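Next come two complexes, and both contain chain A; in the first it sits with chain B, in the second with chain C.
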Partner chain A sequence: MPGTKFTASVRKEASGSIIDLGGDIDRSAGVDLAAAYDDATGSGNGTDPVVLNFSQVDYINSTGIAVIVTLLAKARAEGRPLRAYGLSPHYEEIFQITRLSDFMSIHHNEPEALALT
Partner chain B sequence: MALRRMRNRAVPAETAPVIPTEVIDGGAIPDNDPLFALLLATGGPVEVDRITITSPALDEIRQQGIQLIVPLISQGELIGTLSLGRRLSEQPYSTDDRKLLAGLAGQVAPAIRVAQLVRQQEAQAKERERIEQELRVAALIQQTLLPKELPQLPGWNIEAYYQSARAVGGDFYDFIPLTEGRIGLVIGDVTDKGVPAALVMATTRSTLRSIATQHDDPGKVLALANESLVPEIPPAMFVTCLYGILNPETGDLVFANAGHNLPYVRSADGVRELRARGMPLGLMPGMVYEVNSAKLDLGETVLLTSDGIVEAHSADGEMFGFDRLMELVGKDQEEEDLISQVLEELRRFRPSDLEQEDDVTMVAIRRASSALESASAFGDEPGLISTFTYPSSSGNERRAMDEVADVVAGLGMNGDRLERLKTAVSEATMNAIEHGNHGDPAKLVGVDVLASTKRILVRIRDQGTAPVPAALIPNLEAKLAGEQGPRGWGLFLIEKMVDVMRTATNDGHHTVELEMSREGD
Partner chain C sequence: MVSKDDKANWSPPKPHLEVGSAPEGVNAKRVQGRRLTGPQQGFGQLWQKTYKVAISQKTPEQVIATWKAEYGRFWPSHSKFYAPVTGIQPGEVGLIKSTSGPVPLSTGVLVLYSDDVSFCYMTPEGHPFAGFITFSSHVEDPVGTMAQVQLLIRANDPAYEAGMMLFGSKAEDRMWEHTLRSLADYLGSSSPVDTKVVRVDQKRIWKNFNNLKYNGALPWARRSKGPATPPR
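Moving on to the complex of A and B:
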């Protein structure tokens, strides 16, 4: 019952990279998420967006929020947009309460997240 | 003429107690003496020398030199006699003398009768007051020793009913907290009534209490109680008693019975009896008590009763009886309030103008069929629905979250509000594991779910001693700029997720209480 392991895999599209997230996002996700981000941004254009796909994420706790805050700080420092889609209504509400949604746009689906310029 | 002495005889009284001061008169004529009937039949003065019957009273009268007996009769009852010795003139009593004496007796008799009745009533009033006082003492002993409140067991509804008869019987019941959340159930009945029964009840209760906490075997508890009670209880008295140990988590009930009425279980299939053999307590030493066990499933009720129910009589003298009670327990499965059902049937059976003969005691222990049912039984005041404990190791906050979610989903909470409560429970449990208990797996986090008809409360308790800090609003800009660490979201989130968050630190515990309204669920 306690948790499903965090997974992060990168897909590169013409207009940006997508990181497909799975399982639980808590503090233990930090290392894998940072690695996925580096993978996604390693050879690409410096300002191409990175899109986080949350549709296979079951659980995010406050330490997971901290992991996302860390990632968001890094992306902002690089001037790279970080976007999200596939959040459940509950976690979308949490992104609003924590004001993460003020700094990373929340989208309904992948094309919408990639289409934004 | 000399009025030598007046004999006085107690009025035979069927119902009133005989008053000793009026009986102790060596000169009274017993009402089975032939002289008694003779005087009553004659109705007027009788010369002793002319009496021919054989009578011990008459012999005594002759010895005392009495010549004339004048019966004092009031309303057909011989209430005394005037006894006269010889006339001073040595002449026999004349017809005029007799007329005079008869007239005198006719006037004196009613006056004496009235005086007798007044004295008798005074004595009866005193006796009644003494009995009332004794009943008050017995009632006080009993009320003092019956449980003041019922135990609150998660997932169980316990109800008890006790109505003493006017002459207080010796009924009692008790709940004894045991280890591992188990609870000892006692119902008993002391033979006899009033103060003696109340005192034996008090002794039995304290004996059982002290033995029950030391032994897990109900048969052994009753056997030891018996050994200790035999020398304490008067020979003519004994105590019937059922003792069971309930494990509220599993519904297992292990029990032994010292000659008490069998408990009945109301189940989906009807009714079953819980049988175990054993002699009443206090009769003789060396008794052995059979132990049996039963499992109470969800929605089942076990009913413990005293004699006052099955031995109640109708106006026609018919007994309520075990069969009637058993049948009642077996029907109307839907009705949850078994005690009210029995009382209603009892009221129908025994007309209200008939005095209650014996104490009526019932304890009903119902295993809730769902969390929702438990909560609705609590009314406005939240009661415990479920309780969990977790070692303080990482990941257990998710177990707490999922297990609490199962319970509150059963209470009808769903959708966004359920998700919010889940996040709050997970965060609060994680704080308890990491901050309160410093991740020490030997330290436990306790999670209680309480509910009323209006609210759901989740209490998360750790062994921390430092106060829980106030929830700060995290500054996201500062965090993104690297001026603050990325963490520090826990308490902020909890506070945003629930309707009310309360924290308390005392007795070596932190408690965080999360409250959600049930409106809209």
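Moving on to the complex of A and C:
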């Protein structure tokens, strides 16, 4: 199955940054996702949350989960909350199986993800 | 979110691992009923270890098909992997017996994910490390097909963290380098194994200190019938 190219773009809001993700998240997404995270956290408050928007993501495999865990570890080492929204029920379940959801709160929409303080 | 149909590639939810009938001589007590541990449920520093070797004569699909079918064959002689009866399928549990360290180890892994070009294990409580082990094959220009093992792991508790610092980390490297060397030999490649180790997070997660209670290598845990409490 041909993959869909991964994309990550950053939007900055008053209460945090949003990284809009698209395409497939697999091992090849690591560099672009790390760059987007650095862009999102580069000039803001050290504890502002970063919200990952998965609503345009087509596919995540196990190497993609590892990429997200790496990002989560980096955020937690900085004391920065990492949140998520837009996950399908299937991938929400995967986040629970892999226990990512123990450390990354999952929300229904962007206002809810940003509103949490 | 429009997801491709990959549900069959993932393990169903497993709040606690269930081991069916264990092979003779294999102690499944340290796996049965245990919860899975991702890297954030472990204790030690977070490491990403990547081992890879060129197997240019084969396609990624051929490499992974052989790897799954003959998985235990490629391990070093001091460790044995008891694959699930149904093979490496999502949701199945494989058992491990190893004498590579100072204390014999019985543990296991859940097959978290499997497709034509990769499969992934997740470790349970009591395993030396918490995290994921991903086996994959892909094409890299200009070399061709690569076989890769990537670990994203923390030592599960302080005792294993000390062990990893003293000898475990190097032993882990040797184990996977041996595995890839054996796989490459089996598939007709003599290319060298490349190892890359990155410390992703140097902080330890002290709130997970009590993972010690699941450590089957420690005397108080080894004597117990189930999850034990370390002496205070």
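Assume the second predicted complex is superposed on the first by the 116 of 117 C-alpha atoms of A that agree within 3 Å, B and C clash if a C-alpha of one lies under 4 Å from a C-alpha of the other, contacts with A are read in each partner's own complex, and residues count from 1 in each chain.
In this section, a residue touches a chain if its C-beta (ideal position, glycine included) is under 8 Å from a C-beta of that chain, and two chains touch if they have at least 3 such contacts.
All values reported here derive from a predicted model rather than from experimental measurement.
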Quiz item: Taking chain A as the common reference for superposition, should the pair chain B and chain C be classed as clashing or as fitting?
Solution: clash
Quiz item: Does the superposition put A:H90 against chain B (first), chain C (second), both, or neither?
Solution: both
Quiz item: Does chain A have more residues touched by chain B or by chain C?
Solution: C
Practice problem: Determine, under the contact definition given at the top, whether A:S55 touches first (chain B), second (chain C), both, or neither. | Solution: second
Practice problem: Please work out whether A:F103 is in contact with chain B alone, chain C alone, both, or neither, and reply first, second, both or neither. | Solution: both
Practice problem: Classify the contacts of A:T70 with the two partner chains as first (chain B alone), second (chain C alone), both, or neither. | Solution: both
Self-check item: chain C-contacting residues of chain A that also contact chain B
Solution: 1, 59, 61-63, 65-66, 69-70, 72-73, 76, 88, 90, 93-94, 97-100, 102-103
Quiz item: In the complex of these two chains, what residues of chain B are touching chain A?
Solution: 395-399, 402, 416, 419-420, 423, 426-427, 430, 474, 476, 479-482, 485-490, 492-493, 496
Quiz item: In the complex formed with chain A, which residues of chain C make contact?
Solution: 1-4, 6-7, 9-14, 36-41, 46, 48, 112-113, 115, 118-120, 122, 131-132, 134, 136, 138, 150, 152, 200-203
Quiz prompt | For the chain A and chain B complex, residues of the former touching the latter | solution = 1-3, 24, 59, 61-63, 65-67, 69-70, 72-73, 76, 88-90, 93-94, 97-100, 102-103
Exercise. Would you mind writing out the residues of chain A in touch with chain C in their complex?
Key: 1, 27, 54-59, 61-63, 65-66, 69-70, 72-74, 76-77, 86-88, 90-91, 93-94, 96-100, 102-103
